[in-house]
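In what comes next, subunit A is part of two complexes: it sits with subunit B in the first one and with subunit C in the second one.
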Partner chain A sequence: MIEIKQVSKHFHLSKGRHIKALDQVSLEIHPNEILGLVGESGSGKSTLGKVLAGLHPKTMGSIKYKDETLPDNYSAKDFLRLSKEIQMIFQDPYSSLNPRMTVGEIIGEGLSLRKVAKKTIQEKVHAWLLKVGLHPDHASRFPHEFSGGQRQRIGIARALIVEPKFVICDEPISALDVSVQAQVIQLLQKLKNDFGLTLLFIAHDLSMVRHISDRITVLYLGQIMEIGPADQVFFHAKHPYTQKLNSSNPLPDPKREREQPTIQVDNSEIPSPSEILRGCPFASRCPHVSQICKTERPELKNIDNNHQVACHHLDKIN
Partner chain B sequence: MSKILEINNLHVEFDTYGGTVHAVRGLDLAVQKGETLAVVGESGCGKSVSFQALMGLLPMPPGRISSGSANFQGNDLLKLKESEMRPLRGSQIAMIFQDPMSSLNPTKKIGDQIAESLIIHKGMSKRDALKESLKLLELTRIGEAPKRLNQYPFEFSGGMLQRVMIAMAIACKPQLLIADEPTTALDVTIQDQILALLKDLQKEYEMSLILITHDLGVVARMADQVAVMYAGQIVENGSVDDIFYRSAHPYTLGLKQALPNSQEGKSAQLIPIDGSPPDLFSPPKACAYAARCPMARKVCLEKAPLIFEASSKHLSRCWLQHPQAPSHPELFCGERK
Partner chain C sequence: MKKYLLKRLWHGIITILFISTATFFAMHMVPGDPLSSEKAITPETRKALEAEYGIDKPLFIQYGIFLKKTFIHGDLGFSYTNRNTKVNEIIANHFPVSAKLGLLAIFFATSGAIMWGAIAAKYRNKLPDYTSMVLVILFISVPSFVFASGAQLLIVKLNAATGWNLPYRGTDSFVSQIVPAMILGLGTMAFLTRIMRSSLLEVIHSDYIRTARAKGLSPKQIFFSHELRNAVLPVITIIGPAIAAITTGSFVIETIFTIPGLGKFFVQAVQQNDYTVIMGTTVFYGSFLVLTVLAVDIVYGFIDPRIQVEK
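For the complex of A and B:
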C-alpha cells in the first residue's frame, strides 16, 4: 500500500551543519495492517510520520502510495487531494485542536474545504461524534471543555471523517492516563476493523505497540534497526538495540521484574543526531561493538520471513 | 522495622473562583525505614499535591491544609513553622521532581546548585562543598564529572539533569527521598539507568523512598509497598505482591486490565475503565469510584466504604468484601470473612 524507498530528511542548522532526522529509510506498509513504529526521542519516528503526511518535504528518496509517487513538496492542491487518502492523528490533544473553533467546525473542516453541503457536514459530524463515543450536542462546544481522552476522540473523528485509507497515529496515547489509553486503543482498533484502515502507530510504549501492532519497526537515530512481526520483535529481538529497549521496558509484573537478571547497567547517553555518524548509529552504546561497526553501516538483512535486522554481528550475538 | 513517616487523615483543599476543590480527602499512609513506597494514581488524584503539602511547597493560598498530621521523627511536619521546616527540607527529607529542565536554575552552574544545600545545611565552605559536589556527581555516574560542575543546565540532556537532581537530593544524606514521577519525561533506556541508580543509592544510604508514579511497570520494578490513590483517597494499600496478584479494590483491578499483557502469542483485549474521575468540587459522599465500578452495588452509592482488611497489611476501601456491608448475600462477589 505504501512503499518508502531510501527516504532521508535533513534539517539544516546554522553554518552548513545539519541533522539527519531520517537516513535512508526503506519500508513497506501493507494494506489493512497496523505497523508499529518505536524508538526513543530523536529517533525520527515523528519525522517519518510527518514526511508521510506531506507535512515535511523530504530531502531524498521516494514514497509510493498505491501506484502514485507522492510529490516531494506538497502544493495546496496536493494536500486537498491526498488528505482524503492519508490522515494524521496528533500526539498532543491540547495543542492540536484550534481553541477558537467549535468541535463541530474542527471535525467538519475537512469536509467544508471540499465544498460539501452544510447539511451533510452537520449530519456526518453528528454521526462521527457518536462513533467516537461522544454526544452530538458536543459539536457546539469548544475544545477546552473536554478532557484529554475526549479531545483525542475529537482528533480521531477529525481525521477519519474524510474517510482516509491510511492513518498515521503519532503517539496518540502518550499524553493520556492508563485507563483512558485503553479506551482510545479500543476505539482505534474498532474503527480500523470497521473501515478497513491501514495504520502507522507511532509510540514509545513498547508493550502498547506490541499489543496493537501486526508488525513493529524499531528506529534509532533516523535508521531502521529491526523490523518484523510484533511478537518476534518483542520476545525474540535480534538487534542489540531492540534487546536493550525490551529489557529496559518495565513490565507490570513484580515477579517477572524480580526474576530478571540484573545486567550491567551502562550509563551511555543517546548521541545527538547532529553528530555525523559513520557506521552503525548504535555503535557508541552497543555491548557487542567491534571495528567494523564504527566504519561500515550495516544493511537490513532478512533473517526470517518478514523479519529484518541491521547488525554486523547477528551470528555472534544470537 | 520502624516507621519513618506517618501521615494521618490529611485533607488538602484549594479555594478557587468556582468553589473549593477537595484535592486530598483523608490520606493515611506510613513509610517504613529503608523501604520503597510507591504511590500510584491517575492525573488529578492528589498524589503530587499530598507530598507538596507535606513538604510545605504548596502555595497557600489558594491551597489549604484543612486537617491532618504527618509525623516525621517526632515532628508534625504540618504544624512546623517555615523556619522550623527549613532545616529538615533538603536535608532530612529531599525531593526529586518530574521535570528536571524546569526544576533547576538555568542561570547557575550545576556545581553551585549542588553545593548550595551543603553550604546551607552542613555549613561547609564553598570549596569543600564543591569538592563534595564532584563526589556526588560521580556517584550518580555522570560522565566527565569535573567538567560538568562548571556547566549550565542547558548543556545537559534530560537524563543527565535528572542525575543532577538526584545528586542535589542526596547531598545531605536524607532519610526520606520523595521522587515525584522521576522518570516520566525520560526515554526507557534512560529510565532504566535512573531507576537502577535510585535503587543503589537507596541501599547505600538506607533511605526510605516514596515513589510517586502512574506507571505500573515502574511500580513493579521498584516498590516494596504500594498505595493506590483515587479521587484524593487511598483506595488500596499493601505489599507489591498483594496489589498485583491479590488486588482487593476494583479500581486496582481496572488499572491492571487496562494494560496490555506481556505473554507471547496471547493478546487479550484491553478493558478500559469507563467514565471519568469524579468532580472534586463536590466529591461523592459515598464511594468515589462507584460511578465507574463494574461491581458497584446499592450500598456503594449510599454509604462511604469502610476499610476492609484483606490481611493485616493489605487494606482496601471497598464494600465488596467488607463484613459490615448490608447483608444482601447476592451483593457480594468476594469471600466474606
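For the complex of A and C:
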C-alpha cells in the first residue's frame, strides 16, 4: 500500500545546523493493516506522519502510494488529489478545529471544495456525525461546545468523510481521558473494519498500541530500531531500546510489576537530534554498548519473517 | 440579551456622567471665562452678561443647572462665541459632514490595514514586511498636517501641470473627500496594520490551519476562509474607539481641506473658554464612544461564536 524508502527529513536551524528528524527510514505498510508507530518525544513519529500526509516536504528518499510516487513538495493540486486518498487525524482535538466554523462546516469542507452538491454534503455530514457517535443536530454548533472526546470524534469524521484509503492517526488519544481513549480506539477499529482502511497509528502508550496494531515500528532519533508483529515486539523485544521501553511501562499487577526485570540503561535525556550521530543512535544510553556501536550504524536485520531489528549485538543480548 | 444591553447602557450613562463632571470642573479651573475675550467691556455690561448666562451663580448651582438641562431636557445651551447658535444645532449641522468623511476614512484604514497586514505576514521578514514596517512608523509618527498639506500641494501642482481640475478642498463632491479621508485614516491604518500582521502570524501557525491543509484546501482558500476570518478579530476591537475618534472630526484635516466639520469646534471652544460648546461636544463625544464600543461588542458575538453575550 505504502512503500517508504530511505526517507529523511531535516529541519534547518540557524547557522547551517540542522536536525535530522527522520534519518533514512524505510518501511512498508500493507493494505488493511494497522501499523503502530512508537517512540519517545522527539523520535520523529509525528514528522513521519506529516511527511506521509504531505504537510512537511521530505528532504530525501521516496514514498510510493499504490503505484504512484508521491511528490516531495505538494502543490495545491497534489493536495486536492491526494488528500482524498491519504488523511490525517491530529493530536490535539482542541486546537486543530477552526473555532469560528460550525461543526458541519468543518466536517463538510473537505467535500465542498471538491464541488459536491450542498444537499449531498449535508446528508453525508449527518451520516458521519451518527457514525462517530454524535447527533446530526450537532452540525450547527461550534467546536468549543464539545468535550475533548467529542472533538476528536469530529476530527475523525472530518478526516474520513472524503473516504480516504490510508489514514494517519497522530496520537489521536493522547489528549483524552483514559475512559474516553477506549471509546475513540473502539470507534477507530470499527471504522477501520467497516471501510477497509489502512492505518498508521502513532502513539507513545505501548500497551494501547499493542492492543490496536497488527505490527509495531519502534522509532528512536529518527531511525527505526525494531519492527515486527505487535505481540513479538511487545513480549519478545530484541532491541535493547524496545526492551527498555517495554519495561518502563508499568504493569497493573503489583506482584508482576515487582518481578518484572528492570533493564539498566542510562536514564539521561534523549540526545539532541541536532548532534551529528555516527553509529547507533542509542549508543549513548545502551547498556550493551561497544566500540562498533559508536562508529558504525547497524542495519535492520531479519530475525525471522517480518521481524527486523537494528542492533550490532543481537546474539550477545538475547 | 435585553438585560445585557440595559446593563451596558446603564454603565455607559455612569461613564458619561463621570466624563462630564470631570470636564466641567476642570474647565472652570482654567483661568478666565467666556467673557474675558470680549473687547473693552464695562463692569456693568459684564455683570449683565454674567447674569444672562448664569455664570455669576456658585459653581455647584451651575453644575446642577448643566446636569438638568443636558440630561433631562437634552438642551446643550447657546454658544458663547457664536451668539444665537445652539450647541445642539452646531452638532446637528457639522457632525454629519465629519461623520461622512470619517466613515470613508475608516473604510480606507481597515481595508488598507487588512491588505497590508496580510502582505506583511505572508512575506514575514522579507522586503514587503520591512517596507510596511517602515511606512507604519512613518505614518504614525509624522503629524497628519504634513501629509495633508503635502497631498494638497501635490493636487494643485498636478492640476497646474496637466490642466485637470481635481478638487483639493471643500465638500462639493464625493471625489473631493477621497484624499482627505485617506489622510485622516492614515494613522489608524498604520496602527491596524501592525495588529493585523501579528494576529495573522499567530493564526497562520495554529493547528487548525494545518487541518485545513490536510483537507486539501489551496493556500488561497485557506487564507480567505480560515486565516482572515480568525485574524480580523483584534482589528475589530480597535475599530470601535477609532470610529468614535475619527467620525467626530479632525481639526487639522478639516481646516486644511476647508471641510465644515465638527473638528474645529473642539479646539476653538477650548481656546475661547466657550463653556457650553466644550460641555456639549464632550457629552456628545462620550456618548458616541460608549455607543460604538457597545456596538462592537455586540458585533463581536456574531463574528466569534466563542464570545457569548450574556443572555
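By definition in this document, the second predicted complex is superposed on the first by the 312 of 318 C-alpha atoms of A that agree within 3 Å, B and C clash if a C-alpha of one lies under 4 Å from a C-alpha of the other, contacts with A are read in each partner's own complex, and residues count from 1 in each chain.
Assume a residue touches a chain if its C-beta (ideal position, glycine included) is under 8 Å from a C-beta of that chain, and two chains touch if they have at least 3 such contacts.
Worth saying up front: this structure is predicted, and the values here are computed from it rather than measured.
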Review point. With subunit A superposed, do subunit B and subunit C clash or fit?
Key: fit
Check your understanding: Touching A:L55, do we find subunit B (first), subunit C (second), both, or neither?
Key -> second
Practice item. Examine A:Q291 and indicate which partner it touches, taking first as subunit B and second as subunit C; both and neither are also allowed. Key: neither
Check your understanding: Between subunit B (first) and subunit C (second), which does A:E257 come into contact with in this model arrangement: first, second, both, or neither?
Key -> first
Check your understanding: Just subunit B (first), just subunit C (second), both, or neither: which does A:A182 touch?
Key -> first
Practice item. Mind working out whether A:H144 is in touch with subunit B, subunit C, both or neither, as first, second, both or neither? Key: second
Practice item. Would you sort A:N193 into first (subunit B), second (subunit C), both or neither based on which partner it touches? Key: neither
Point to revise | Broader residue contact with subunit A after superposition on the shared chain, subunit B or subunit C | key: B
Practice item. Mind working out whether A:N302 is in touch with subunit B, subunit C, both or neither, as first, second, both or neither? Key: neither
Review point. Should A:T69 be classified as contacting the first partner (subunit B), the second (subunit C), both, or neither?
Key: neither
Practice item. Return first, second, both or neither, reflecting whether A:Q87 touches subunit B, subunit C, both chains, or no partner chain. Key: second
Point to revise | After superposition on chain A, the shortest CA separation from subunit B to subunit C (Å) | key: 10
Check your understanding: Mind pulling up the subunit B residues that touch subunit A in the complex?
Key -> 42-43, 141-143, 157, 159-160, 187-193, 195-196, 214-221, 223, 240-241, 244-245, 254-262, 264-265, 267, 269-274, 276
Exercise for review: In the complex, go through subunit C and note every residue touching subunit A.
Suggested key: 206-208, 210-221, 225-226, 229-230, 303-306
Point to revise | Sites on subunit A touched by subunit B in the complex | key: 40-41, 147, 149, 177-183, 185-186, 204, 206-208, 210-211, 231, 234-235, 244-245, 247-257, 265-267, 269-270
Exercise for review: Enumerate the contact residues on subunit A facing subunit C in the complex.
Suggested key: 53, 55, 76, 79-84, 87-88, 90, 92, 95-102, 109-110, 113-114, 142, 144, 155, 158-159, 162
